[in-house]
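Presented sequentially are two complexes of chain A, the first with chain B as partner and the second with chain C.
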Partner chain A sequence: MNTPSTTKPPAAAQLSEIDKAMKWPALLFLLSAVVWLLTGTVFALLTAVKSTNPGFLAGCEWLTYGRVQAAYFNCLIYGWGGNASFGVGLWILARLCRKPMPMPGMLLVGGVFWNAAVKIGVAGIIIGDMTSVEWLEMPTYASSLLAFASILLAIWGTLAFRYRQPGPVFVSQLYILGALFWFPWIYVTAQIFLFVDPARGVVQSLTNLWYAHNLLGLWLIPTGLSAAYYLIPKILGRPIHSYYFATLGFWSLALFTGWGGMRHIVGGPAPAWMATVGIVASMAMVLPIVILAVNHHLTIIGRFEKVAASPALRFVVFGTVSFTLAGLIGCVMSLRSVGEVSQFTLMGVGHVHHWIYAFFSMIMFGAIYFMMPRLLNRSWPSGKLIQGHFWCSAIGITVMLVALYAGGWIQGLQMTAIDADGSLVNEDFLQIVRNTLPWLHARTASLLILAIGQLAFTANILWMIFHAVLSWKESLSSAKSSLLPETAAS
Partner chain B sequence: MSETNPNDFNQPDELVENSRIPDDDLLEAHTKTFSKSEGNGQGNLVIPILTTAIVTLILVFGGNYIRKYSADFNPWVYDENGTPPNLDPVAEGEVVRSLDGEKLYKRNCVACHQSDGKGLPGAFPPLVGSPWVRGDPERMVAIVLNGLTGRIEVAGNTYNSIMTPFSALLNDEEIAAITTFIRSNPDWGNNADRVSAEQVAATRASYERSEAWKVEEILELFPLE
Partner chain C sequence: MMKSLPLVFFGLFATLALSWAGLLWQGQKQLGGLQPMSEYYAIDPISNKSRLEKPQKDEDRFPQEPVGLAQQGKAQYINLGCVSCHTQQVRRQGFGADFERGWGDRQSVPRDYIHQKRVLLGSSRTGPDLANVGQRRESPDWFHQHLYNPQSVSPGSTMPPYAFLYEKREIGQNGGNLAKALELPAEFAPEEGHEIVPTLKAEALVAYLRSLKLDYNLPEMRLPDESQE
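This part shows the complex of A and B:
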């Protein structure tokens, strides 16, 4: 499989009209996403090394821990997550609307603005203009641009849906429209409550928790689910197992997610009922999780040989299994008795990575493996690189999750342990911090494994684009020499 | 559309990911599950049972959990550990009194009676082991409220000074807290009944006066036991 495919695609393999209209916007989003993924990984490695060796690059003001950590998450969420979710989501939306979409230029403008905003934002973080609010660190001069771009893209998505070819609606469309609507809503609301007209005191933290929870739950998670709902039946040629309940899954997720953020304030300085309602909402997430688990896993059952052979499905199935696991772990962690131990430890970081990497990113990788051959009308150059990407990602993220969950739980037990008199068992806080060192080293190792996988992914994409450009030039020159009109293959 | 041909690319699955179903068929196949005539396919039994069970569990758990931990949605209750606040006003008074008695004593009484409650020999009488503070609570409350002048004998020593009236300085709860602290302090050898804010209010109402008590008046109204 290592031989690059230099054979020209057969004449019948022309791009569908829909894919043709979406080609340039989708390529813009996907390629930007990959660049941001790699940038984020560089910052992630810096963050990881600095958390075990604080002296590393300590002299450089621009690369202090606080800044690279914030830059890492902003690259990962807005750079990689945003671009991937727009690229994959809007492409699926356009396909399911079954009509070549007008105004692809609007998407290009939105994409350029979005990426400019993330660039300005990350640069602002690095030079020291960052805000103090988690996941909203981008300075306000970048965030307004980001909000504008997201609203533009949401308007395009809504118009595309409004003027779709009449007919049935698939649940993937609901998830994408939800994500397109929810992101501008939570982002603008958080900006207003935190920066434009700041709320006082504790309400600021509550707004931040609400935003961070919904950023995952109402933006990245719906996008990932929509791709899974689309790709699984598409590749298997088999309908979703219990599709009848898919819409119930969507609406219950929409209903419960928004309330769930307050579960993170157990023990914090906020009215007790807020955490209680958040915990109940988090537990209620069992309903959409079970519906999605049944729909995703039971559709796959008995088709494992297909999963093993398919580049996209491997990633998607890994992602859906991670969805079930991360969801159930989230339910358990929301309970007071567990949350009291797990909060403010590495477990929180682990859970975020469970969602962003093991679930969202894996499904996005799968979707990109499905999309790129259709956008460029050619096959992937190397199956080995795809396999390498999959195994590095699967092993890397598993190592990271085990390290962060186990290390965080032990850390939490040590911090909360009290003896019979009610005094702390471990009075030396620094010793508890030192005890997390092996787990943090494991995280650095896992990031290196992930980075190797991402490099394989990038190499494959560059190789593919290189061939696409070559054959485009070839067709151009042959068209000139034969004086025939250009074929539509490009 | 090229998608109708599943073997678009003439390449192994490993490299292009052929799709097995065109978008139109995908939508149609799933829409069918909603129509009654064709919707009794496989799997439609698993989820109804699961869904009903899960929704029931969520309602039971959520209802109980909110009842137990929401503190009646009181915005001032921050206690996460699940002890519902005692919102009964009488009980609230008790809590305040037992908490504040010692602090109030230190703030108002130690100048004369000293922090050990033994007073100053020859100047201020002791509260430790004093029959004046035990027994009928009304006597002690009346003295704290209105003050006391004249020659007084406590535990074999005679004192002749002035007790400040506190009726304008402390409210009923505070006086109840102080007197309870003094009367029931085991370190001082006292174990008399607690005093409630209602008792103080009643005493305040029945003995309203502008002058301090004389020792004889007090002894006449409330003889030492």
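This part shows the complex of A and C:
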């Protein structure tokens, strides 16, 4: 594979042509993503408050804990995650194909269908049509729309890649193509095995684990990595540390991820070899994690003044550090002796947030800070708001992760501890529940901090759009006034 | 290398196809054909072949098909999202403390789930495991009290009350059915002259919860000897 440094980078003029063709689809995805992020946070806060105060809004069946919790995850994953990943991923793909892409209308249709599906799906969960299958809670009348939208977007991505300007293939493109291609596959497979023609017994659970693990590992994580691989060299103006390693990292991640989900069934009703396969695959993930860590961190090292100067890069670097940490914690949690304690505790939801918020979302924030000025041809109105967003996100997610990891580990130890003569150390289950409360309160606080950051982010975006609309109106009226004398003359 | 679209897509396809085939297809092959079985079947652990030791009667074959009302209750369990806090799987003895907590007398095995149109193993134990709750708790009253307001029987619980599955009505009206009414401690009871009555949804949900039992033997997993007659 050619290294990108040997080929001439596309001229700025050409890039702005590409950006122009992608402007409306990218804006549709990014703005929808932000709306879903905020909606998700409202559900997250409801979930968090209800987990410590069970009486809160308890009279309302639509807002019962199980439903708002599912609504939260669906907003976060499909609403925010899906839109951000399509907006950022397809834009990067188009730029790396080095050609203005035709058929933006196909992306708009895909985007409208995707968002309609998530809206219908979340509404379905709230009114009581949810499936109670983890991360597939949306009723089938919504999921079929979602599948259709994802297939449409995958076809567009494939065509874009097929008709790209000849030249090297970038590892960012591989990650995006992978994400676009894998998502419809795992989603449709899961729908068929779970709802259309339900598989017998625990084969359903295996499908669910395979799906949920790959949803993170083969959809959100590749998109995040793709953006990191694109933005770090771009902003620093230097190639990534090793291009050979980057390719190896991609294919080893693709190969090992699919098997890792089975570690969650350790001790459960499935043949023992399955959990073993999951543990081995989780340990094998050390290879792609180390490769990615080397590539991300060594490209950055010694250039911290640039990280401090670029708001986009600051978010991306936070995300890549989280990638390394979340990856290694995942390896440790897969071990049988650790899983025995951590299984079924708050650590699970903590680890999910490590991936979705500390890694994926932070990189998406960085990418959006990089993209929006190029889509709207203007700079961010407030640097202070960006700083506020960064620090609220960094502090908020750190507080949440510490609370859920520490609280979950203690919860797990108390649930499983047995003394020398084989009786329980913490006999009273309700006392263990009560002991998690301080950690759950810390989670509520962390969500509030995250929400403040998200509001700063939203305010900045709205401010920017307001300016863009104003200047568009001005240019329109000045164009009109310059036209007027001519029309009068004719 | 990796410049051509077909080659890239072959790679993308092959990597996911491997885990699909290895886990789902292989899982389906190994577990998809499980049938209810009498404990008198002996399964050879090496060849995995089963051999009949005694004639097999239908009533000896487990697990048995769930009944109607419990199935309706399962729909409630699903649409209320109970799975977000409750697992339905007993881990093997020595792995965790499921046996010591009294959550089951034996481990759950794949055959336990073969009749379930939706399998709800769960991934969080904010509340206790429910795979065997029907054997742990005998009385339907306890379930109703707990669902109506968990604090009435489990003070300090963080489970939300499901009072919306119950009806408050004046005693004597509509031919008030006292037998069905909930017996609640004074601080949770409704005002004088009223009673709390389960709706059909609540009755179905309780029937479902009471049907969750791991009280039968399977050829591959038996209850410990002392609990057998």
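In the analysis below, the second predicted complex is superposed on the first by the 468 of 490 C-alpha atoms of A that agree within 3 Å, B and C clash if a C-alpha of one lies under 4 Å from a C-alpha of the other, contacts with A are read in each partner's own complex, and residues count from 1 in each chain.
Throughout what follows, contacts are C-beta pairs under 8 Å (C-beta built on N, C-alpha and C of every residue); 3 or more make two chains touch, one makes a residue touch a chain.
Bear in mind that the values here come from a model prediction, so they are computed numbers and not experimental data.
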Fit or clash between chain C and chain B when superposed on chain A: fit
Touched partner set for A:325, first chain B, second chain C, both or neither: neither
Touching partner for A:240 - first (chain B), second (chain C), both, neither: first
Of chain B and chain C, the chain that contacts the larger number of chain A residues: C
First, second, both or neither for A:430, with chain B first and chain C second: second
Which of chain B and chain C A:95 touches, first, second, both or neither: first
Touching partner for A:271 - first (chain B), second (chain C), both, neither: both
Contacts of A:66 with chain B and chain C, given as first, second, both or neither: second
Which of chain B and chain C A:185 touches, first, second, both or neither: second
Least C-alpha distance (whole Å) that remains between chain C and chain B when both complexes are overlaid: 5
Overlap of chain C and chain B interfaces on chain A (superposed complexes): 1, 168-169, 266-271, 277, 336
Residues of chain A that touch chain C when the two form their complex: 1, 50-52, 54-55, 58-61, 64-67, 69-70, 128-134, 137, 158, 161-162, 168-169, 174, 177-178, 181-182, 185-186, 189, 193-194, 198-207, 210, 214, 218, 247, 251, 254-255, 257-259, 262, 264-271, 274, 277, 336, 340-341, 343-345, 348-349, 415-418, 422-424, 429-431, 433-434, 436-437
Chain B-touching residues of chain A, taken from the complex the two chains share: 1, 5, 9-10, 12-18, 95-96, 98, 167-171, 230, 233-245, 248, 266-273, 275-277, 279-280, 283-284, 286-287, 290-291, 294, 298, 309-313, 336, 369-370, 373, 378-381, 383, 386
Residue numbers on chain B that touch chain A, as the complex places them: 1-3, 5-6, 8-17, 19-21, 23-24, 26-31, 33-34, 39, 41-44, 46-47, 50-51, 54-55, 57-58, 61-62, 65-66, 69-71, 73-82
Residue numbers on chain C that touch chain A, as the complex places them: 1-3, 5, 8-9, 11-13, 15-16, 18-20, 22-24, 27-28, 30-34, 77-85, 87, 89, 91-92, 95-97, 100-101, 107-114, 116-128, 150, 154-164
